[in-house]
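Shared between the two complexes below is chain A, which has chain B as its partner in the first and chain C in the second.
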Partner chain A sequence: MHLHDLLNIFQGVTSLFDSSWPILLGRITLMLLGMVLVYLGKKGILEPLLMIPMGIGMSAVNAGVLFLDPVTAAAVTEAPVATGVATHGTLMMAPLVQKTDNLMYILQIDFLQPIYTFAFSNGLIACLVFMGIGVLLDVGFVLARPFLSMFLALCAELGTVATFPIAVAMGLNYREAASIAMVGGADGPMVLFTSLTLAKELFVPITVVAYLYLGLTYGGYPYLIRALVPAKLRGLKMPPHPIVKVTSDEKLAFAVVGCTVLCLLFPSAAPLFLSLFVGVAVREAGLSYFVAFIDGPVLYGATMFLGLLLGVLCEASTILNPKVLILLVLGILALLLSGIGGIIGGYLAYFFSGRKINPVIGIAGVSCVPSTAKVAQKEVSKVTADSIILPEALGANISGVITTAILTGIYVTIIPLLK
Partner chain B sequence: MKNVASNARFWIAGTAIALAGVVVARAVAPLVDGSDRIVLTVGGQLLALGGLFLICLGVRRRIKAAAKE
Partner chain C sequence: MKTAIVSAFVMFGVAIVISMAVAALIKVLFLVVRRLNQEGK
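Up next is the complex of A and B:
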């Protein structure tokens, strides 16, 4: 037995040292980052439902690189491979394959390729997550307080709007700039949908950056609230509200009218609107079997495979792009600006209401449902235990989802028209 | 649908305004060139969203009236 045979048995290690330095370092870093994500997910610092499958996928895909046989290598690279040339790849997924013949071949080789091709790259998985969000949403909060909810949600889109020109100034084209600006909307499925529609060549790093940062909102926004709102204002009690509720008939009728109007207005984002409002409609129509199905297997199944696929997409040779550093800066900037915009909105509501509205609810306009609403309530409760702002915060939160979906529609409709 | 029917003015007006906004943004704006096209598109979109907002206001009004009773 020669050393060469031994190295062939442990191809994960051999391929590591056969790579160029940037890829070698990238693979080792991403393996370690994957482990850190699993740890932070388990500790509850980051969202465990997403981070645990994503982290383990990230570690495994960077560890499991092997030398592909010439036929598979030719299908993956979509070019003839000379004899004796070692091509690196995995048996998990080949996201860059486009030709039908090659795709049909890879579908029979890579175990996650069917899910990637038939559910991820066409945006289905984002729509399934959105359907699940729709089932969890109570649009009654928006209907009961439309002015406040919509105003806060609009203010909290500051990052989504302001990051676009900044990204263009930093050298991204309009399509890439719009995709990374959507991180400010703090809605993962919409970032995925926008980047798949507008910047397919950068959708992997943009989506990974988006989901990593969205995991951080739960940990980072409390510090932003404490920095921008003094304790005296954080503890402000909201005025009492009438106990009359919005009926499910009204919510259902609003879902139907809203979905139809928004689909007529922004057909490019119609899959997202349909997914969101079908969830709302199923909930309000009282279809309990459908609610249990969408709320359980659909939402959790989609989230699990979304996390796993995002992790597996983080293979060093796919994700190492010169633009990743710019995306990292712009992503955090977008989320920070949206948070600041939301709190500015909260302050404006506070002053215009005659100092009755707690400014902290502004942060809930950032549409990370229901994380930002829960963060707002938690921060208020720390100062005044019996101050309840959750209904208003949820109204702003749900409006945030709707305004982010509208901005998605505006970007995917208008950006292709810009030259 | 009792509450929707009792508040029909807002629902009908809101839906009609929203659809009028859609017509302006999607049917009228493409017929025009230059900056007028952008103005009509954005104006139509705002009108459509305003229609949906009017429905929300109608529901809010009903809740306030019911709370007084």
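Up next is the complex of A and C:
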């Protein structure tokens, strides 16, 4: 046996040293980063449901690179077989393949390609997660105080709006800028949907950046609240508000009419609206078998495969893009601005209500359901244990999902028209 | 850049109008369904 044959057995190692320096360093870094994500997920610092499959996928895909045979290499690179292109690749997924013949071939080779092609690249997986979110939402909190909830949610879209021109100033085109700005909406499925629709070539880094940062909101926003709202105001007890009892008939009517009107206004975001409101409708119609199905297998199955596919998409040669550093800066900026905007909204509500509304509820307008509402309540309870803001915070939180969906509709409709 | 800033303002303006229209729709629906429910009883 020659040394060459021996090296061929361990193609993961030989392909590593056969790569250019940036790819070699990128692969090693991403393998280690994957392990760190699993660790942070297990410790509860980042969202474990997403980070554990994502981390292990990221490590495995960067380790399991091999030398593709000429036919597979030609399908992956979309070059004619006759050119004899030799390339590195994996047996997991080839996200950049476009031509139907090549795609049909790859579907029979790469084990995650069917899920990617039939559930990820068309946005189905994002819609399934959204359906699960719909089932978990109690729109009664919005129906009780719709104008306050929507106002706070709009203020918390500051990052989504302000990051767009900043991203353009930093050199991104309109489509890429809009996609990364959506991180300010703090809603993973909508970032995925927008970037798939507007900037398919950058959707991998944008979505990965979004999910990494969304995991940090739970840890980072409490510091923002403490920095911007003094303890005296944080502990403000809101006067007891008469409890508005909202029946399931009223919630169901809202889901049906709201969905129809929003689909009429923004057909390009109709899959998202339908997914969200079908979840709400199923819940309010009392279809317990459907609720159990969407709430369990659909939501958790979609979340697991979303995490795994995002991890596997983080292969060094796919993700190493000169724009990644800009995306990292813009992603955190978008979330920071949205948090600040939410608190400004909270202050405005505080002053306009005659100093009765606790300004901390503003941060719950950032639509990371239910994390930001829980963060707001936790920070208030630390100062005044018996101050309850959760119902109002959940109203703003759920409205945040609706306003982010509206902005998604506006972005995917208007941005392609900009020259 | 100027186009981006103007577009951001326009898109946010559209978002404000639609979100507040949705809030108004919620309020109206709420009242209509409640009235219908009371008439049915």
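Keep in mind that, in the parts below, the second predicted complex is superposed on the first by the 412 of 419 C-alpha atoms of A that agree within 3 Å, B and C clash if a C-alpha of one lies under 4 Å from a C-alpha of the other, contacts with A are read in each partner's own complex, and residues count from 1 in each chain.
What we mean here is this: a contact is a pair of C-beta atoms (placed from the backbone, for glycine too) under 8 Å apart; a residue touches a chain by one contact, two chains touch by 3 or more.
Since the model is a prediction, treat every value here as computed from it, not as a measurement.
When the two complexes are overlaid on chain A, chain B and chain C occupy overlapping space and clash. Within the superposed three-chain model, A:29 lies out of touch with both chain B and chain C [touch as defined at top]. Contacts of A:261 after superposition on the shared chain: both chain B and chain C are touched. Of the two partner chains placed by superposition, chain B and chain C are both touched by A:246.
For chain A, the partner with contacts to more residues, out of chain B and chain C, is C. The residues of chain A shared by its contacts with chain B and with chain C are 142-143, 146, 150, 246-247, 249-250, 253-254, 257-258, 261, 265, 406, 410.
Against chain A, the residues of chain C that register as touching in their complex are 1, 3-5, 7-8, 10-12, 14-16, 18-20, 22-27, 29-30, 32-34, 37.
On chain A, the positions that touch chain C within their shared complex are 142-143, 146-147, 149-150, 153-154, 157, 161-162, 164-165, 168-169, 174, 177, 246-247, 249-250, 253-254, 257-258, 261-262, 265, 399, 402-403, 406-407, 410-411, 414-415, 418. Against chain B, in their complex, chain A makes its touches with residues 142-146, 150, 242-247, 249-250, 253-254, 257-258, 261, 264-265, 406, 410.
Listing the residues of chain B that touch chain A in their complex gives 1-4, 11, 14-15, 18-19, 21-22, 25-26, 44-45, 48-49, 51-53, 55-57, 59-60, 63-64, 66-67.
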